[in-house]
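Presented sequentially are two complexes of chain A, the first with chain B as partner and the second with chain C.
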Partner chain A sequence: MRLELGNIDIKEIRFADKSEIKDGVLYVNQEEVIAQVLEDDLIRDAHLEIAVPGESVRITPVKDVIQPRVKVEGPGGMFPGVISKVDTVGTGKTNVLRGMAVVTCGRIVGFQEGIIDMTGPGAEYTPFSELNNLVLVVEPEDGWKPHDYERAARVAGLKVATYIGELARDLTPDETVVYERANLRESFENYPDLPRVGYVLMLQTQGLLHDTYVYGVDAKQTLTTMISPTEIMDGAIVSGNCVSACDKNTTYHHQNNPVIEDLFKAHGKTLNFVGVIITNENVYLADKMRSSDWSAKLAEYLSLDGVIISQEGFGNPDTDLIMNCKKIEEKGIKTVIITDEYAGQDGKSQSLADADPLADAVITGGNANEVVILPPMERIIGTTDFVDKIAGGHDGSLREDGSIEAELQIITGSTNEMGFNKLSAR
Partner chain B sequence: MEFWLVTNNEKVNDAYADKCDVLFVDGTDRDVMKTIRDLVHEGHSLLTHPLSGSLKPGETPFRSVLVDKSKNETVDPFSLDLIETCIQALQKFRVRYEGLSERKLEDFRHVDLSIIESAIPTAMADRTRVVGVDRNGA
Partner chain C sequence: MVKEIERAGIPVVHMCTVTPISMTVGANRIVPTVAIPHPLGNPNLPNDEEKALRRRLVDKALKALQTKVDDQTIFE
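Take a look at the complex of A and B:
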């Protein structure tokens, strides 16, 4: 499979009469975009706002972050099974709007959704503060169930990202990056002496606010399976997950998965990147056992020497993480797990809700209980009505002057378990 | 599979009281945990994970867990380990849900319902029968 990603740098976003991209500037006709969003009866009102890096702006509550992309050559379209038909994606050419994102923001059930500060100490914890953000603020119609409204808000964001991506269809990329993988037999023949490494990507799948979709299918209803990394780049996995801000994988994270990016970079040099296994994180214990058994079976079947496992979420999914790790290790395959920590505000408590001696190689995204103080911002996109309810916030966390005292878990992407964050230790 | 739905969430009770066997706990999420721990000590196995989704311990006042009604002759070590670890995890976080408005409480009830709803059809369809289990137990 060969996919070319054509990166088109977006340096600025402006509202205009005509939607287009010219000289790195994205011009957006707001009325045209909003008309598409309001086609859904569940959405009463919507508007767009622009947030620029360095600006005194706070975006909250954030539901999803999405990178606009468009399929230029090859089968399928963006977000297959949700926006486009379910054709298999991941080959041909895709144009990517680099340096920007569509951020969906608005009330679902009012908590769990995070904060993106575009400046100040909070901005340093989220990679999304460095992007030009086109923020879609949606208001639900009264009387609908949260499930229906979550779907409406999720699809609205994907629609807007697809609309914006479409503007880049005929543009010449600033840079093209090629991702190519041979089939299993060829890759074993090509690199007989390199260690065979796979990636187990865990997807949060536990119910309202906790779901992930693969080609439009709710991943809690699937068995552990394989997917090409380039399919993921073309939007085959989308987030329906609102929990918790710091360690949920937004759609943007899936599109730009840093584990996949690094495995491609190392492929053929220090290792043979054999493939990606996707598995779920269900509530039912028998599901956890079945799914982790399947991860281990596939890893063994692929004759892997090593596996990287990335988690999504905290608590309940710690059990899935440890089951995956332990069962794969017991097959004689070495693992490295990527997680984050809830080690208490002083960092002294046990970090995970589950553990095993076989989990002896761990990468952490940071301690989500660490306390941060976010100064007031001049402009709020969305509402801070829910800050007290957001994970990591607490009563009194929103102060009268507009500043917020809360744990790191309040910030979108701050302790991401794919390693798509900026925390490090010395 | 015959199971108890142990919950302190009225919304879960309302939705399932006539569909399965609900053990309603009139108390906190910690009281639910203790009820479940006692059942595990009596030889019952957990069917769902006692930590709710990625809601942080202490954040939501509501908790719903499925427990197998069939009774093992000895304590199920996996369930015992899991419930003890979860109780420890719960103790690590301070309670944040006191004084929540009714609207916020209603949201938490709804999400708790949604999480357990994702497991109940699986439990109802689960035909696992363990040899040697006393089906009339407890």
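Take a look at the complex of A and C:
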């Protein structure tokens, strides 16, 4: 299996009469994009805005962040099972628009979306402040249920990202990176002396707008399974999550999973990257037990020596995390878990809801309860109507001068549990 | 809360869905419930069946409260 990612650097986004990419500049015909979004009856109104790194702009409430990509060679298309047909992706060539993202924003569910500041102290906590963002602001028709509207907003973002990605189909990449994996037999033969390492990627699937989709399948309805890391790069996993902004994995996180990136870099040198196991985080205890049993069974079946486990969200998923860790350790396989902490504003409380002595190698994405002050911004994309209600905010979070006092939880991607952020602890 | 109330000499039953967390925090009497978003009910059931389910859970909890335990116990 071989996937070539051709990175095309986007240095600027401008509105124009014709959508195209020329010399690193993305030109967007707004009307053409919005016409596609408004095809959905649930969306009453939509428009695009551009946010540039360093600009005094606050984007909120942020639903998803998506990187435009296009399948240039090989089977399938972007976001299989959702936008493209369900063919297996992950091989051939894919062009990637590097340095930009499509951000979906607007009145959504309200209380569990996030903030992206493009400058100031808030910008330092989110990796998305460093991208040229094409922001899709959507307004729902009245009378729809939140879960119907969530689907409409999710698909609208993916549609726009696919449309933008398509503009890069015939371009020559600025840089090409090759990701290559052998089958199990060959990989064991090729690297008999290297430790066999796998990755357990936990997906948020608590339902009630906390969902992740794999090839279009709602992952809470699946058993733990395996997927090729290159399939994930081609958009096989998309976020449908309206959970705490700091530690939800947006679609962009899945497309650019840093654990997978680093395992590929180390593959064949210090370790043998054997594969990715995806598992869910459901709200029934029996599901948690079954899914974590399955993670451990697959890890054992793959004859792994070590496993990295990344979590999504917090609270009861801490139990899924600890179950995965404990059961895999009990098979004689070493684990490292990546999580974040809810240790109180003073950092003195217990960090996770669950614990076990076997979870003795932990990487943290930071304490989501830490209080931050975000100064006012000159321009707001979306609306600040929900700042007091978003998880991490409180009554009075939004001050009269437009500044915000809130917990770090409120910032999109700030304590990401794939390690796609800057906070950690030693 | 479970521990503080017991410290005051009143026995407590912790009714919860994720019993491993209850074990970790040190509850002594634990009654497993339905699901995290609806621990003491099930919106998928007709009203009369749901009522019966709720009564079963409360009866079980009351029974647990009257049962002597020597160690952390989950009342399945």
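Here, the second predicted complex is superposed on the first by the 423 of 426 C-alpha atoms of A that agree within 3 Å, B and C clash if a C-alpha of one lies under 4 Å from a C-alpha of the other, contacts with A are read in each partner's own complex, and residues count from 1 in each chain.
Convention: contacts are C-beta pairs under 8 Å (C-beta built on N, C-alpha and C of every residue); 3 or more make two chains touch, one makes a residue touch a chain.
On a predicted model such as this, the values are computed, not experimentally measured, just so you know.
Bringing the complexes onto one copy of chain A puts chain B in a clash with chain C.
Legend: residue contacts after superposition of the two complexes on their common chain; A:319 is shown touching both chain B and chain C.
Of the two partner chains, chain B and chain C are each touched by A:353. In the superposition on chain A, A:384 makes contact with neither chain B nor chain C.
In the superposition on chain A, contact of A:91 is made with neither chain B nor chain C. Shared-chain residue A:283: touches chain B and chain C both.
Of the two partner chains placed around the shared chain by superposition, chain B is the only one that A:147 touches, whereas chain C remains out of contact. Ranked by how many residues of chain A each touches, chain B and chain C are led by B. In the overlay built on the shared chain, the residue A:239 is in contact with neither chain B nor chain C.
Once the two complexes are overlaid on chain A, the chain A residues touched by chain B in the first and by chain C in the second are 206-208, 283-285, 288, 316, 319, 353-354. Across the interface of their complex, chain A is touched by residues 46-49, 51-57, 59, 66, 82, 85-86, 88-89, 92-93, 96, 98-100, 103-104, 107-108, 110-111, 114-119, 122-123, 126, 128 of chain B. Those residues of chain A whose C-beta lies close enough to touch chain B in the complex are 109-112, 146-147, 204, 206-210, 220, 243-244, 247-248, 282-288, 313-317, 319, 342, 344, 349-350, 353-354, 389, 391-392, 394-395, 409. On the side of chain C, the complex with chain A involves touching residues 17-21, 24, 32, 34-37.
The part of chain A that touches chain C in the complex is made up of residues 206-208, 283-285, 288, 316, 318-319, 322-323, 353-355.
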